[in-house]
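By written order: A, B and C. Residues from 1 in each chain.
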């Protein structure tokens, strides 16, 4: 089970910036390509006041700063150069949200603007709805449904991806979810977003390693039932260490990829290559993880 | 608005040591020089029991350890070599303080000793009073006034610098300060230390990026009113990330430098070059920040 | 007082993984050798579900995962190549422990298995009992006694090492221990484990630097009284910084080594070379510490 996609963590929530310019990003796309990555997913196009592209919509609606570099244009250029499919991640207002309805409208308008600006790039291949949930959540489900449908409608039905998390022992949820609760609630959620979302890639880092296979099987079955694709988001950072966050131990990544393979998941992506798995990362253990990964798969 | 000065964070409070020797420091002064830095400011000459130079005064009064290397001598030597002006930072007793009067006396004696030891270096160009405050604080103001006057008196009126912080949303203060409180209290403080302090370089990292311009304008006006110089201390580490602390995102530094330029601040210094902005830093994103900075300013 | 031994921190508790393969470990043994290290101590052969070697005993008893690489075999191979003595560290169930009796039995069986698998290596030179305590602790003392005797019995009396900590101001203990309490309790503990433990290497990082000499003297006297060897475990990471943990400042390490020399300690080991003191470490300040150490000792 090889990793063939990665998030691009710009604008970052809690992962420190690497301060890369165009040359460094180009080098990193080359390193991705070398291990077979064909898909890059912008984790979010904006967070609070920071933007990855000069969005007039978000500048006006949320007071966002206009960025010194248009990262979306850069990522699309590099995706074209390196033969990658690019997913555009939506805006995240975080704790600066107004009413749910207004936030959905702003996100809808920002997606329309993004499609205007970048929709003619042959690399623009899908949408990523940035909100991460683990349990029933009316606002998120409404947002997935509304925003997903809009994105598909304006883009000739490009696929829409979400990447929720399992409310397990390593989540911040008050109490770990049970397998039954997880299955029941995600059955409801997927039913509510059918037609708006095409791919569900659960994060694989919030439960114990020996619990993962069961969750992956449930996730696969649920996706099948609702006509969606099931990917795994194989986290390449380590949730078990006190420094939040550094690259994961190779053995742990391997355990998780094995569990995904056994569950019959169709594609593995990772959060994320450039900090945690890249020879270009500021963290040297990321380059070592890259080498272990390549050795294992003979790449 | 270019950065032309930096703190030297030895002895460090909360920034991990890089374990540099003379060669590494020499390389770093070269890297500073290459982007136009002409001023280096020792953040403190001692903290608790650790010293940057073999101070008999502090060894006797506070039980400080005599250090294996005389960093003050080293920094002065490198300042002479690279054409920098060196500011000597005072001793910080932190939570090991005795009575305020005694602490001021010890600091006064240590400054006299430092001037005896190093005052003949042509690079010795000023004093930095190490205490950092955000609001009215009788001990600090007394200390600034007493220590600042003493330093100027013994050194032929060399300039005295302080670098307070804004009690904003990102400070640990119980409640963020308002612009009005900030202006009122700093008007009182500057009035009380007139003649003892020449330069005020507020740290720029404790408020939101869009609040900074207002604070910088107030700070500039206050300094003008009391006949002081107004610098900005443009922090090169990121206060918004869970790892405390790693290099700042270039976009954020640029926003802060732009705000300082618009406020008419006369000089920008940073805390600090060697960990957070240097190609020699143990943090690789610091070298990337250096490259982004050079590209932007064509250096 | 030179450092001639180091722990190998696999499987790690709270230190992020470097993701080294055989080549990287080989390079690191070379770097150890270059400064005179002759002893390597596996800190633990397993922790919770993760193992350093394919232990059927622990796989069955504790549901441990079988690892992709046999690190014990690798470390023995490299110890033979580089002329090191290897100490095998016992299994740590951490908070996943069953009854004390059962845990001791599992550890005993795992040590027998390890001796079966690796006992014919000429580098296998001792045992390390992985539990770290600071104060009286019946379970730990019973475990030291039972496990230590067993290890010695099966291996022709190979030496057994423990590395407790001082319950000082930097420990997580509720209240710092006093010198008198430390001496009284460790007198009882060493009395109870005589014949089962040969070497006591207290960690040197939990008290203030100026308190260390007194503790080291007590530890040396106690070891002498009970016919044990007294080593110091000179921690090479910094306990005084908010990031837990990065390499220690050279000055601090030097203070601690000086205190050990004065106390007449017979050998200094460190926790641990590969992350915190190695030119190969992912932390660049570790390589700088290595350089400062070499310069100081003319190595």
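In this section, a contact is a pair of C-beta atoms (placed from the backbone, for glycine too) under 8 Å apart; a residue touches a chain by one contact, two chains touch by 3 or more.
Remember, predicted model here, so these are calculated numbers, not experimental data.
Shared contact partners of chain B and chain C comprise A. Chain copies chain A and chain C are related through a rotation whose angle, from the C-alpha fit, is 120° to the nearest 5. Here chain A and chain B face each other with different sets of residues for the most part; under half of the interface numbers are shared between them.
Taking each chain's centre as the average of its CA atoms, chain A and chain B sit 40 Å apart.
Looking at chain A, one finds that residues 243 touch two or more other chains. Chain A makes touch with chain C in their complex at residues 209-210, 238, 241-243, 246-251, 254-255, 283-285, 288-289, 291-292, 295-296.
Only residues 12, 14-21, 24, 49-50, 63, 65, 67-68, 243-244, 282 of chain C touch chain A when the two sit together in their complex.
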